[in-house]
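One structure is given below, represented as structure tokens, and several questions about it will come after.
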Amino acid sequence: MVTLAAADARAHGAPVAAEQEDLPAEGSFSLRDVSVAYGRDRVIEGVSMDIPPHAVTALIGPSGCGKSTLLRCLNRMNDELGNVRVGGHITLDGQDITGKAIDPVDLRMRVGQVFQRPNPFPMTIFDNVVYGPRTQGIRGRDELQALVEESLRSAALWEEVKKSLKKHAFELSGGQQQRLCIARALATKPEVILMDEPASALDPISTQQIEDTIASLKDDVTIVIVTHNMQQAARISDRTAFMLRESLEEPAHLIEVGETRKMFTNPDDARTESYITGRFG
Amino acid sequence: MMTPSRRRKARIAETTARMLLGSMALIVVGIALFVVGYIVYRGAGALDWQFLTDVPRNRGREGGIFPVVIGTVWVVGGTAAFALPVGILAGVYLSEYAPKGFATRAVRLAITNMAGVPSIVYGLFGLAAFVLLAGIGRSILAAALTLACMTLPVVITATEEALRQIPQDLRQASLALGATKFRMIRTVVLPAAAPGIITGSILGLARAAGETAPILFTGAVFQMRRIPDSPLSQFMALPYHIYTQVTSVPEWNPDLVWGTALVLVGGVSLVSVAAATWRAFQRRKIAW
Amino acid sequence: MVILAAIALFLAINAIRALREAGLDTMLSGTLWYPTSDPGKFGMLPLVLGSLLVTGIALLVSIPVGVGAAVYISEFSRGAVKDVLKSIIEFMAAVPSVVYGLIGVAVLIPLVKDVFSLPSGLTALTGGLILGVMSIPTIVSISEDALHAVPMDLRQGSAALGNTRWQTTFKVTVPSAGSGIFAAMMLGLGRAIGETIAVLMLTGNAAVIPDSVFESVRTMTGTIAAEMGEVVQGGLHYSVLFTVGLVLFVITFGVNLAADLVLERQRKRWRR
């Protein structure tokens, strides 16, 4: 309940910096025996792991092993797909977020998402950023203005667009659009941001900028990122989880999760090592 | 390997087919050009300011078509007032909310089928349902309701089509920000789909403006002294005016009738072209 | 859906009196249509045959021209030419039927009269010709859609075997789109049989069973349009006209439903 109230207060822009100190780990997930099936196709099974707050956790694994699927469990986006069944328990800051325990709409204000392809809404930069806050009912012009600046600054886009907030978002470059999407996700003041291959559609320079942004966001939010780029995972994440679907008949499992440095230098599992060193996947 | 003679045969067949098919296309083009050219050629002479602002005199053999144009505008406006809200809501429901089952498929099939029902049958329906049963009487309102039923499938289809074009990840972005499905549709999906919906609807309305059969028994009159002043008054309309001139006025004045046809075709095409151009322009601006 | 059901319902309710007093089979098989004599004779056969004759003529015109033009547009033209051709088709579809009727009155009636040296140009042929023109856009655009839906790799596969463009079109593309083209013809038929104003202005409207295309005929649609204005509401004649509407509705409904089902099956086929 404490967290809920805090999230509520933050959502309405009240100063919470002082409170933040005594809160128990904010934006931490705990997954217990999570499984997902699309219809009859069991995609992942038995995933148990903790995602610590204010850190970057990378999900890696070969294509089709269910990384995106697992990510979507964390903000209940799987609900939108129809024939999905999710089993096991997931808590966010100790609160159950599966089943009827929580309204997915409320959850998604606390857990933002950035997608693979930049997907700004067809409206101005300003309107994109304030979309979430407006959804939460924030209407005050000054308050929205402040949120826009703060979010765009955090996403390292402010300097580039501060003079053209009324420009259509589609006039930005791909990398700028993706940072706009990050700003858009930040504007609701989430505890967590999920990123599904956020840089895979971008050029190296834009990728670099996104990575820098992620590094600077760690202090404020928990980040869970899916990536196919091993160097990227090694560069930006604190912890790494490796998933693998060993055959199409079987669901994917979590093979190993731990400190990124350890995973990349001295993994416990031989399969992790071969994947990271590029022997398969 | 192809023998030379077979290859020659193939080439001859190719040329013949090309010419034959091309001539079919040419026939179509010829007909269309003839239609435009002929209407303009016969109608342009009558077109002047007086024609557009005067009332018909001497049973339409002289004077202008002002009340006729106004009547058509009224009816089409009324049609839009009914067909747009209902059609857009139905389209949104069908493409965003309706469960993907047999029932939805059946409804879709019914809607496409509605588009194929002859317009005279809509006229009968309008007469029985709106004029008589609902007691509205022959009026702009009854005619507009009748035409709205006819235009509905076009609006619904245009809405569904436009919504289908909106990328899935845009919807997901909105949901992931904590928007409810309704808010997502209202703030992201509908605005982005608006050009397609509006243009498709305008094309449907333009067609409704040219229909004669559905308004035959639901409110159009041959002649009236005043401009319609309420939705319950009867009205004159461009297509009906042409029809009655040709079939019921002995010694009808071809200049004025062709002028009326030119105004009708010109108006309808102008609006359609404007709508289509606007959509193309919007599409270029928002390329997914 | 509701509206469709409502249309059927209203037609049926209003047709009940006629069905009860005159009987559907007597009406459908009756060869005499004298609605205003006393007692009225409501044999619909001349009207049904009139509609079929005019529609038949229309399809003889519009199917070859329409399908040919669609194949040309889809397979042999590209770029700006293709766009222009498609806009022209759209324009033709947007011209109101009363205007086609007017053109028929001004051009076709004298032409038919002179060419075949008839006493009058108001014939089934005249109506059928203009109706053919009017159903061309439907046939072209639906056929073109069907051809367009045929996957490109099918054509490339054929071309890679050394077939010319026409051979590919004739052996692969058109057969693949066959059911769609068939549906286009059905929809064209539905459009032609339901058309009212233009035929009313051109066919002369004599309610007799025609012997040749040079005679005047009266269609179902034309009958409703011409007579509904003069009948007593709720009377037998009124009710009979609703029965005509009901017959028309059932025919077009069947034709359109068949076409839609064919189209839907075809769409499924190419969706992978």
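All chains are identified by letter, namely A, B and C, in their written order; residue positions are counted from 1 within each chain.
Note that in this section a contact is a pair of C-beta atoms (placed from the backbone, for glycine too) under 8 Å apart; a residue touches a chain by one contact, two chains touch by 3 or more.
Just so it is clear, the structure is predicted and the values come from calculations on it, not from any experiment.
K.L.:
Examine which chains touch each other and state the graph shape they make (line, ring, star, complete, other).
P.N.:
line
K.L.:
Please indicate the chain closest to the centre of the assembly, with centres calculated from CA atoms only.
P.N.:
B
K.L.:
If every chain is reduced to the average of its C-alpha atoms, which one ends up farthest from chain C?
P.N.:
Computed centres place A farthest from chain C.
K.L.:
On a C-alpha centroid basis, what's the spacing between chain A and chain C, in Å?
P.N.:
Result: the chain centres lie 58 Å from each other.
K.L.:
I'd like to verify one number: the distance from the centre of chain B to the centre of chain C, where each centre is the average of its C-alpha atoms, in whole angstrom.
P.N.:
Once rounded, the distance between the two centres reads 18 Å.
K.L.:
Measure off the straight-line distance from the CA centroid of chain A to the CA centroid of chain B, and report it in whole Å.
P.N.:
Chain centres of chain A and chain B, defined by C-alpha means, are spaced 48 Å apart.
K.L.:
Quick check on the complex: what are the chain A residues that touch chain B?
P.N.:
Touching chain B: residues 75, 77, 80, 105-109, 112-113, 115-117, 119, 121-123, 131-132, 135-136, 168, 170, 181, 184-185, 188 of chain A.
K.L.:
Which residues of chain B touch chain C once you look at their complex with the stated criterion?
P.N.:
2, 10-11, 13-14, 17-18, 20-25, 27-29, 31-32, 35-36, 38-39, 42, 106-107, 109-114, 116-125, 127-129, 132-133, 149, 152, 203, 206-207, 209-213, 216-217, 239-240, 242-243, 246-247, 254, 257-258, 261, 264-265, 268-269, 272
K.L.:
Any idea which chain B residues touch chain A in the complex?
P.N.:
Residues in contact with chain A: 167, 169-170, 172-180, 183, 187-188, 191-192, 285-287.
K.L.:
Looking at the complex, which residues from chain C come into contact with chain B?
P.N.:
My answer: residues 1, 3-4, 6-7, 10-11, 13-14, 64-69, 71-73, 75-77, 85, 88-92, 94-103, 105-107, 133, 136, 140, 162, 164-167, 169-170, 187, 190-191, 193-197, 200-201, 221, 224-225, 228-229, 233, 241-242, 245, 248-249, 252-253, 255-257, 259-261, 264.
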